[in-house]
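Scrolling down, you'll hit the structures one after another.
The same subunit A turns up in both complexes below, where it pairs with subunit B and then with subunit C.
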Partner chain A sequence: MTEPTNRDPVQGGQVEVDAPTQEPGGYAPSVAERLAFYQRAGGVVTPLITVILAFFAGGLVVLATGHNPLRTYQAVWAGTGLNWFFHVGNYHIDIPFTGHHVFFWWNTDTNGLAAYNLTQTLILTTTLILTGLAVAFAFRCGLFNIGGQGQYTAGAIVSVWVGSSWAHMSQGLHVFLAIALAMVAGAGLAAVAGFLKATVGAHEVITTIMLNWIAYWVGSFLFGRGGPLQNSADISVPISNDVTPSGKLPVLWGNSDLQALHVGFFIALGALVVFWLMLNRTTLGYQVRAVGYNPEAARYGGINVARNYVYAMAISGAFAGIGGAADILGWQYRLGVLDIQVSNIGFIGIAVALLGRNTAVGVGLAALLFGALVNGTSTRGLDASIFPPELAGNLTLMIQALVLLFVGADVLVLYIWQARRHLRLGRRPAAPARPEGTA
Partner chain B sequence: MNAFAGTVDRYAQTPRRVAWAGIVVGTLAFWLALPPVQARAPWVPIVVGLLAVACGIWALTRDVGRLAWGAVAVGLIGIGLGVLATRSSTGHLGSVVTWGSLIGSTLVWATPLAYAAVGGMVNERSGVVNIGLEGMMLAGAFFGCLGADKFGSWEMGLLIAAAGGAGFALLFAFFAIHLRADQIVGGTAINFLALGVTGYFFIQVYGQNGTPGDLPRIPNVNIGGLHEHTFFGDAIGHLNIMIWASFVLLIVAHVGLFHTPLGLRLRAVGEHPRAAETVGISVYATRYVAVTISGILAALGGAYLSIGFVGSFGENMTAGRGFIALAAVIFGNWRPFGAYAAAILFGASTALSFRLAVYSDAASVLFQALPYVLTLIAVAGVIGRSIPPAAVGRPYTKQ
Partner chain C sequence: MADTATPVLELRGITKRFPGVVANDAVDFDLRKGEVHALLGENGAGKSTLMNILYGLYRHDEGEILLHGKPLDIDSPHEAIAAGIGMVHQHFMLIPVMTVAENIVLASEPTRGNVLLDMSAAEQRVRELAERFKFRVDPRARVEDITVGQQQRVEILKALYRNADILILDEPTAVLTPQEAIELFEILKELVAHGMSVIFISHKLNEVLEIADRITVLRRGKTVATVPREGATEADLARMMVGRDVLLRVEKQPASTGETLLHVEGLRVVDDRGLEAVRDVSLEVRAGEIVAIAGVDGNGQTELIDALTGLRRPAEGRITVGGREMTHASAHQFLEEGVGHIPEDRHRRGLVLEFSLAENLVLHDYAKRPYATRGFMSPRRVLDKARRLLEQFDVRGGTPSTPASALSGGNQQKVVIAREVDRDPRVLIAAQPTRGLDVGAIEFVHRRLVEQRDAGKAVLLISLELDEVLSLADRILVIYEGRIVGEFGPSVTEEELGIAMTGGRREAVA
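Coming up: the complex of A and B.
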């Protein structure tokens, strides 16, 4: 499932697990480089172990506070809507834009709870794929973009502004314009961090944190009371104007009054493909990865490192910006100050990218996992008689945190990985070379 | 080397002083338009501001660079704000700018930031980036409430808060130091974890009703003889114990960091861990201590927020203050007085933003972005570069 790193031109056809150098004063290993180390070790197994450990620890908290973890996780599972796939029967599906319908194995009627929950999970997955890609792309260039949240907000602000203006535009053009401008907004915000990194060497983590909060307050200002983009109907409510019908994304599945799955889902899947193609089949992608593995070597090889920093950040921001637009034009249709202030979908993107090992397929699967988890523990998804959703939302945060903690700890992951190898030592004579300095 | 620096100093001295004077005069341009002087004629700030710009330009021709640009900027901003102030009604000005209470509320808003910023500085000086300050503050806010409530005293509240902060810090330290996890990923995880843990136990313990109204609060120090509605009475007459303690903390941090062997060791570990280890300093132990101190201090800042100032706990009540504290560390150039001054500046911007609401709600909201914008400018190197400890953010492998 992971990208075949052993065929990587930069790596010289070898899978090498080597600890980054630690010489102070000399060349400083970037965040991405250190995590790339984790990324090369352990295949699919380590993310799985990570997730299992995190869920296990979360279960312990549930148990310690007097709830039944098994029943809780069962209820969360039901809340995700993924159980829908297990109810196979004889149903039919409508063919869009025609009166016909054909045989289908699953019941697509969203009046059913499972189908409805699944649409909600997929709505979240859509956004998480995009915010996850925003982290992952920068990461492959050796940059840690924790500004996904701000770039998402910038995209949401611009798309709600475009979507609620120019009501007489044709739908296709309106939607395209709103998404394109949201993309530019996200890219622009991220490019600031890339530019500062490239020119004065300002650490992108610090600058993206600052930009996150600038986006947060600017958004609160724009749609807040007396703000320039506040709605014109009721000035006591700090919220934007509604997106006009021509600016809405077409509904794919479900009833649009109750938040239906929108075609943004396909935009996100398309973004995964674009991400993969861009990284693995273009010159830009090659350069980005080269810089990510070793900026000094890339510079020596004639690659303009500074320019790649700016490009990589801009492309990252563009993904997050589309994410913001997808939420606004797909199901939210308006943006309130509260929406901006409570949103943390950009931060979950960090966990998505790291758990998905910054590869296209991995990000897609991790986004589905976190989308399901967030929806399964939401007030709407979770059966409140089994476990209070207010607690469950916080449980999700804890599980996310634990995933991040374990993902970041390459030594721990390697240890588990090698313990697994130890078990199979009888069949595999050559144990992997232990990286220098992990002893 | 020293002789060289001395020569440069002697030549640079006068233009630098003029540039500094320009900055002071630029500030004066704005100040003159405010109470108590409150010049109503727009030419007053313009003339004084232009004087500041002139100082800056003169210094620019003498190769002072950034400081001179600073003087020009302050002069122009002084003109702009000064003219705005002369346009605003005296009633509004009077309600926004009452220096005594403005200073008082600046200290109130700055104190949580100051604790976390000094903590963050200690920990960055040891070579560990702590993005998790926000989470540790939040933990302090919640456990402070819990301790004060369950044991019925604010002292226990502070103690439990410190223990909570230290707990999160130790977890972070274990992953960041021993397991050599990436510090930024670990810090982000700590933020999520603190948000989840405090939110979970807040609802588990207090349910939907929130913390009880009769929480024991950290008391204020009422200085006899300083009456309300006087300058000193409003400014320092009724400050919380924690605010006074933060002054002590500042002195201790400065002396500890720059005038004791322990502080030297701490800085050595942050600048060149291998060299430090070579002379027998334990890098791991030093970093553990530094991270734990930062967790305790951030938690005390959070506890001041919950049981000192607000008197209750709400989910995610720190709302980004940990990140402002992080910004203060950077803006303050990784020095105790610098970090504290930055905390005061950011506290003042918060205090002022609430008062600006009399002019416009929207403007007061936008004003809250100021700390982040200033920090962005500072790291961009426009006004003096911020230079972090050399080994910050890099895990150390024992030899």
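Coming up: the complex of A and C.
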């Protein structure tokens, strides 16, 4: 059971179990009612089971290919760089010009392979947090934003354009401007879907998918050969100009020539906080949640439902837009047609949001999981002698798909959970179920 | 007509504990062949737990179940059905797009050669069954196209098709119109005449007295008494249910009315299907009076309420509140103008069930000081307000941070009423404010409405319950097919109202 400290009804609102004064609505709690309960109770349990099941199924596939699943997962783990935290490396930093050094309880080695892998994982986590929030925020308003990828691309296009122009601007201002405009671009693109939903009732799933293609082809045109934003150095390469030094996000950790961890990581963590604050502490968040849970009650309460669809989509798109800017200004520094066409980080955001149950903490953890998974199974992350990385990429996709499948099939997880209880208790009387009144 | 000798079914000393609560405490219950035995109790008294045990959804901790004198071990609804126990839930378990016959034979379909579905045989059997018990249903009609009353008959047929001889009905009249309820009672009489036994769960006193042969009252998980219908009165039953004397009729002084606060003229409203649902309605409600709109469900009440609260744009006509033109105002503007609205469906509209009680209590005022300042909410002030209102309105079963879905219907309704009344509206529109509530809660709601009237508010009550209309209203308007077809004083009889409610063409409804 989840901790009842969080007041948010989605993540773990406490369920009253003392019930003499509580009455049954109707007395066989419907599947949906029971499910709602287990979702609340299992706010943490269900995603965990989901992930374990997905990894288990993935392991069976590895086995089927004739490899050792345990060793493979071990190699994936090493590839994620998360082993850095358990790595016996340097636990001290030398104080210059003295013979002394200061000891730390964490690993201070920043040059090893583990450290490098870890930066890669965290770079991915940064973007996934933002694209995950883009899906999660809309979800809280009852909207399914499939357009994270397009909004991310829009942010990337605008940030590379701003970042590669105006070379003489001060760094702070340049970075701020690039991110802000990327945010506006993502928000604007998503708001189109929100607007269409609010005015003519066009379903957001359809419109955001269409907008994804618009972003895809606009980007391909802009940076394509002969395109207006193609680089000025080599017209045979369909790629943008480089971001000027003033437009780059400061590097936090690692070597900036090797894709180091950039300040965007903290922007993403900040976005998690903003997400939580916005939803739980502002009137806008109240409206968004009310509309998401029960649009009819929201309307009755005097809330303008249509307007909230536009706002929620715009805010979602803003998160994805920042995600695009973080990649461009943080480590990519240029955007090519190929980058636009192969990127799927916006789509992984859907899995992140679903697994993270559209909560701030959940999205943060799910982004780390998927960031680690994508990086751990990538060609450069995975030890090729243990599992061929070209197969491992598919393993990631598979685990991702399984997670989505299981998250979508909460009922199944619930069923497994109950079956497990049944096995344990056998036919002894009455497992302590919930009184009907709390259904 | 009841065979008094042998109980068909006997529950002895059933005890069921949930963490922190004893839902059933040594409950005894017996059912005789060919009787309707009502199980009466407030919401939360343990009726549902008891029936869930009987139907195999829960297991009892103590006690035993005897069927025809033999101990019975029921572990699942499947086993209950096999033992001849059928149950009709309050929320129907039908598949809307399938036909009546398909729904009835579902999971035990007649087949041809064990492979092919034999639909004509299914329809034939359903037709025979319907004829035997004098049901009027068309086996080929799709469930989504038939009325709620007919859907309920399909549910009953489903149980009969599976050879049930014990039928459990869970608050069957909650979803029915008065006419449909009468038809249901006819069917129940037919069933017991065929030797079936019926357990009738309800918290409505009048219908229990009408249909039941014996009545068992539960209170806080314990059997209070089992009494025969003969000699039982509503007041007795109410006292047994609630544990104290209950005012079944509201005490109130004559109205002292003031200026007109709600004025409606020539209103026409179109429903979702584009049909005219409200036709040329004119009415006015003055300060200090309760005006009731009586009518059978579906005669334009919903659309009228929507128009009067800004949730639906009228096609024609004029609405003024306290003299201010509000015809095309939004829901928000109606709220600002002091129109309170207790909606007819608290789950669909009145509450955000996933929200906490505190969040629900600021549904209209979340953006106002002191609950929010410049777009930022103050959870502390919201909680303070909730604590105050929950206490003032005696809402039980939850703290300010409990999700609304965890509360009983009566307490949920108290939350809605607390929110609306606390805003101090000038006009209060109460749509079926006591739907699904038990006597104690009904008394509470009625008292609040009269209080509002006495405080000089204009109260518009829309209700399907004639009892309620008669006991609360100072003036009664009858709506039929979207038109106001009559106005009556509070001394009108149920018969007169009933005739007007059905367009004057049919006999009175109870």
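Keep in mind that, in the parts below, the second predicted complex is superposed on the first by the 354 of 439 C-alpha atoms of A that agree within 3 Å, B and C clash if a C-alpha of one lies under 4 Å from a C-alpha of the other, contacts with A are read in each partner's own complex, and residues count from 1 in each chain.
Assume a contact is a pair of C-beta atoms (placed from the backbone, for glycine too) under 8 Å apart; a residue touches a chain by one contact, two chains touch by 3 or more.
None of these values were measured; they are calculated from a predicted model.
Of the two partner chains placed around the shared chain by superposition, neither subunit B nor subunit C is touched by A:Leu53. Once the two complexes are overlaid on the shared chain, A:Ala180 sits clear of subunit B and of subunit C alike. In the superposition on chain A, A:Leu284 makes contact with subunit C only, not with subunit B. Shared-chain residue A:Gly301: touches subunit C; no touch with subunit B. Using the contact criterion defined above for the overlaid structures, shared-chain residue A:Val218 touches subunit B, although it does not reach subunit C. Contact with subunit C, but none with subunit B, is seen for A:Tyr293 once the two complexes are overlaid on the shared chain. Of the two partner chains, neither subunit B nor subunit C is touched by A:Leu269. Touched by subunit B in one complex and by subunit C in the other are residues 19, 22-25, 28, 437-438 of subunit A. Chain contact summary for the complex, subunit A toward subunit B: residues 19, 22-25, 28-29, 31, 34-35, 61, 65, 144, 146, 196, 200, 202-203, 205-207, 209-211, 213-214, 216-218, 220-221, 224-228, 347, 350, 354, 388, 390-391, 393-405, 407-412, 437-438. Here subunit C touches subunit A in the complex through residues 16, 18-21, 23, 42-45, 47-49, 51-52, 55, 57-61, 75, 77, 87, 89-91, 170-171, 220-221, 309, 311, 330-332, 335, 341, 343, 348-356, 359, 363-364, 366-367, 372, 375-377, 379, 396-398, 401-403, 405-411, going by the rule given at the top.
Remark: subunit A residues 7, 9-10, 13-28, 30, 36, 281-287, 289-290, 293-294, 296-304, 427, 429-430, 432-438 touch subunit C in the complex. Put simply, subunit B touches subunit A in their complex at residues 129, 131, 171, 175, 178-182, 184-186, 188-193, 195-197, 199-201, 203-204, 208, 271-275, 320, 323, 326-327, 330, 360-362, 365-366, 368-369, 372-373, 375-376, 379-381, 385, 388, 390-391, 393-397.
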